[in-house]
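Next, two complexes with subunit A in common: one pairs it with subunit B, the other with subunit C.
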Partner chain A sequence: MAKEKKRKQPASDAAPPQGDEGEGRRERKGKKAKKDKADAILPSQIKNKDKRSELHSKIKREKKAEKRKLARERSQAIRRAEELGEQPPERQVPRTIENTREPDETVCRPDDQELFAGNDADEFNDVLKQHMIPKVLITTCRFNSGRGPAFIEELMQVIPNSHYVKRGTYELKKIVEYAKNRDFTSLIVVHTNRREPDALLIIGLPDGPTAHFKLSKLVLRKDIKNHGNPTSHKPELVLNNFTTRLGHRVGRMIQSLFPQDPNFRGRRVVTFHNQRDYIFFRHHRYIFETKESKVASKDKKAKTSESKSQPEKQVICRLQECGPRFTLKLLTLQHGTFDTKSGEYEWVHKPDMDTSRRRFFL
Partner chain B sequence: MSDDVIWHCIRHNHCSFMAKITTGIFCRNPYNATGICNRSSCPLANSRYATIRDHDGIFYLYMKTAERAHLPNKLWERVKLPRNYEKAMDVINKHLEFWPKLLVHKIKQRLTKMTQYRIRMKKLQLKVREKVMTMPRKQTQRDLRRLEKAEKAAQLEKNIESELKERLKKGVYGDIYNVPFKEFDEVLDMERDEVVLEEEDEEEGEVEYVEGDDMEEMDHMDDMEDFEGLSDGGTDEDDHLDDQVPKKPKGSGSNLKQNAGERSRKVMTEVEQDEETNTRQMTRM
Partner chain C sequence: MPRTTVLESPGCPPLRTLTTDILGLVKVVEARTNPAGAAKVVETWGEPDASRAIVAASLAGRAADPVLAVARKNGVVELLNPLNGDAVAAVKTVGSASDDGGAEGDPLVALHLFTRQASDSMLGTFIACTDKGKASIRSIMKENAASGSDAGPSTTWDVCSGGNVQFCSVDHGESYAMFGGKGTEVNLWDIASCSKTWSAKSPRANSLGIFTRPWFTAGTFLCKDDHRKIVACTNNHQVRLYDTSLQRRPAISVDFREAPIKAVAADPNGHDVYIGTGTGDLASFDMRTGKLQGCYIGKCSGSIRSIVRHPELPLIASCGLDSYLRIWDTNTRQLLSAVFLKQHLTTVVIDSHFSVEGYYLFSTVVTAP
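Here is the complex of A and B:
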């Protein structure tokens, strides 16, 4: 954020607000003169350290003063506009990576009929329309140790109706067959490397897609400070920021792991938040509270009785984290079930996709 | 050149195929039938020699005789061996009918060994294996950096909270959380009396249970009743009930608070209690 602000500064110099045109121009001239001076002798050109640091600090001070002055001018402009009853000048919006994202034609608009039609025809429709109850099989790679078993245990508490089956020496294709015959709707393979879970393979069954995620930053429940313990209620799901076609597909895939009729009384929420192609998983318990003053919120019974007299109050939501915390990154999305040799890939992450930090696919 | 002279040179001067290691002296020549460096199994020092070689899974019987020793390009006579082990044996028997018994035996041994390893190779090829991939350090490091920044930009807790509040406003939770709504006040005002009545109904059974369980407590309660009775001026029975009513919700209220607090231990029991209170809210509504 700080970086964005810094970058923003020169831009605002170049295009000052319409109201004080003259002021801006004068200032620009002043700045230019200063710049010329600075160009004449850069601090780095001076060899004497004392002199160099002196000049450097001077330039820094000037810059800071300039910045403060601009900020003051802006606030004054707002105040003036308020006094005059005019429209206040527009607030500057910091440039973030999110709002300068490279345009992507697959970003879905809410009125995208084609998307909805596609959604109705896809593999998850049965589960999401509640024709089927999701049933998840969890297994591991061949050698599972370290934090893998603990992670699976917590994953099973997060996903209702999930069953763990030991991998043994079976091939993945055999396991897919096994799961298909037993009416599982998805299969999760937790891959561990050097005793650390490092990849997640989610396979939709019987013919759903196969998504391969990189798993990183895993924190187990016992390592989370002040963690809560989840109940066995069906959790509700929050899927944030899945915007593109691919994102929708992945989102629906994740959604199909969970039952579609959450137990709201359990007050459990499982979040998959997509930010810059990283999918953050969090698991919380929550509670809604009304907050007027600190005394009132302390005692719920007292508050409800008092609330009649004090109509002004605010709903807040308090969270307590429980369960694992990890981050996923999509590596491949494959059409059909797991088949590396002859499978058709819908999307594969390639190194040349990483060349811009403003290009996202989910 | 006679075989003995060659053997003498090879053994005592130099042979480029010879490999001396601690376990013995071996031969690297591809035509060697046994792989051991000695007089009888040296393909160079024997003018009459036979071996089996493998060309991409097809076995050939190679034979050389003293008659062709002067033609290096036609030195070896090659016969393709059938895939079937028995038939291959027959072919060997036919071609090496009058050859020294030791050489024939060595070749048959070699055929057995090669057939076995061909079978094993096929099996291994059919087996599914994990592929080992490299993880370029540069990419993983870059990924980690971007991940950390993305996590900061995500403001997860804030986003989740706002999403949940949004859901609450939309009414996803139905009437579980009636507390925060504006309507709640009005409804509460309207049904205030009803609520009290309902709660009384609910608690009646519980009171009876307490009485039956512990007599001393009941006595104590009676004492309390006297005080209450003075202030309210109602009948004894009703007072008794009223006394019980506020007690229970207070407990549940504090439990609720604990529930949301950071360190709650008895989660299971609390939640159950919480459900009770929720159901009561439902009945109120």
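Here is the complex of A and C:
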């Protein structure tokens, strides 16, 4: 009940022309004493199932009608404001977990000089300033089967200048040494468990940090409907929502896997989108097409003509997904290269940090 | 998982701490409100420059003439005035002065500035140790502080033959120094004569016949008035108590979790130590029995590089790779205040002569020649 009230209030705020209407509605409700009585009894208090479900469906219907009515009122208010040439009432923004995030002091600010100085000093600076060309070594855990090899094949198409090396029975520390000697800039280890890739380890070389991600929701290319096949152009990179210092660092680490000079002609884009500490990976091809819009011509017939003098050709961007789709979640970020025994961690997820669902680290 | 909890930190009593970081900045954090308030950054000294990253720092917290010494990555030890951040002197240390590869081959790892002063003309005496085990004691006179090249008497000696040194600790009376590191057993040196007086022996191989090579990461003297009790922490998560008058093997050895221990600090009461690990766990141990007293819980997510105990108040300050300076109450083990300092921090020191009014009660103006 309390929730319902809460939702009502912003609605009445949002429609200033009918500011009194909200009050009126409540009065009208007050008149219907019967209804009020029914409101007082919650469905959960009724023991008879028939009666309970009846009441429940009734309440639900009323709520729905109320909602529809409010929406209509809002749209009417907008239309009226448009006709009168006024400023339309402000759009309501839904409250989500994301935009009610707990304030975090570690969020990067664009005016922070120390941040830029820190960036210049960090391990990825050489690659990101294009002093070095990124060269990535991809390997697996010791037992690699199932979807692992297929995933690696697709990953190698996503990341340019990547090389696959069989894991064999070498220790990871030996492989790090091997990669350092051959001037690789990053090392990716795909870990599979029960024939399913379930973890990703990204190691910056020669002394960069080691990030351990949980990998989930993997969909390979052939399982994506209407997928496209990527070209061998260097992709563009989109990194979304890496806001805190930790997120910034992880973002830079991911950025350092890719060459910094994309071939825009390739029209190929790789996205890492962070939302609530989960990093979503997508790989697309895009195309800009000029199209004659049929909707516009219909309108022309119907009524107004002056708005239709705009160019009939419309530029549309179309996307086609290609390549794997997966989700990453950061588990640890280790200072230095892979070392489980004597490693120092820059960030470890601990259960006592989960004090709220509105607290995010990236 | 709880939906939401508001974690109010109660704030800490008036306090002044200085932290150093990998960009070569020194930041001053003060809590000014009496009896308790949030700590804030009040000053930042230095220009961000990664080649001048500070690896170690030490404060001679005298009432008069306090001096802060910082060891930089490029092999320079700088003496700063901890009141206003002016550089008083800068010296190139041994490792880089000689032409054997410079600072890159043999960086400084540890630094201790002596609290006692031999004479008034002396600005400060410090002991610095490099990675390869070259320890040196140098004194800086006030006259030639500015020139920096010729900086008073100095002595140099080799602490270890092979292996690396990772820490150096000086006892309260400042007549003994202790070194240890990767492949180097803990060894105790008499500073006056520069001679080794004691060195530890590895514990026996365990029941499976497995012998672990020594790898010490942190150490401290346990009591103020007794240089014979040493607490040393190892990379394979052990806290060891050595009694140098008794035997060469550890008297007590306790395991703590599974991450290497990176920092240790002793309590003035003479039996407690505070340890910090590579995954950000902070705990206190009673070294009379080797019992864990408790852990400090408070969202600490990065490796702890440095812990320091306030000489009078029941407080410790810890800092590390998660860029937070945290101040804890040692009695309740509660987090009093946390300050975000933006960089990976290396050392924290507490200036114990700070009072709320912002004046040093007995201080005289430090003259920078």
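Operating definition for what follows: the second predicted complex is superposed on the first by the 242 of 362 C-alpha atoms of A that agree within 3 Å, B and C clash if a C-alpha of one lies under 4 Å from a C-alpha of the other, contacts with A are read in each partner's own complex, and residues count from 1 in each chain.
Going forward, a contact is a pair of C-beta atoms (placed from the backbone, for glycine too) under 8 Å apart; a residue touches a chain by one contact, two chains touch by 3 or more.
A quick note: this is a predicted structure, and the numbers were derived from the prediction, not measured.
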item	value
Touched subunit A residues, subunit B compared with subunit C	B
Partner chain in contact with A:A71 - subunit B first, subunit C second, else both or neither	neither
Partner chain in contact with A:E105 - subunit B first, subunit C second, else both or neither	second
Which of subunit B and subunit C A:E346 touches, first, second, both or neither	second
First (subunit B), second (subunit C), both or neither touched by A:V238	first
Touching partner for A:E171 - first (subunit B), second (subunit C), both, neither	first
Contacts of A:R357 with subunit B and subunit C, given as first, second, both or neither	both
First (subunit B), second (subunit C), both or neither touched by A:H284	first
Partner chain in contact with A:I41 - subunit B first, subunit C second, else both or neither	neither
Residues of subunit A contacting subunit B in one complex and subunit C in the other	354, 357
Touch list for subunit A against partner subunit C, complex	105-106, 112-115, 117-118, 120-121, 245, 335, 341-350, 352-358
Touching residues on subunit B, where the partner in the complex is subunit A	128, 130-131, 136, 139, 142-144, 146-147, 149-151, 153-154, 156-157, 159-161, 163-165, 168, 172-174, 176-177, 179-180, 182, 184-185, 188-189, 246, 249-250, 253-254, 256-257, 259-260, 262-264, 267-268, 271, 274-275, 278
Interface residues, subunit A side, partner subunit B - complex	96-98, 141-142, 171-173, 214, 216-217, 226, 228-229, 231, 238, 240, 264-266, 269, 271, 273, 275-278, 280, 282, 284-290, 298-302, 304, 307-308, 311, 313, 315-320, 327, 329, 340, 351, 354, 357
Parts of subunit C lying in touch with subunit A, wherever the complex brings them together	1-5, 7, 22-23, 25, 48-50, 215, 235-236, 259-260, 262, 278-280, 297-299, 301-303, 321-323, 340, 342-344
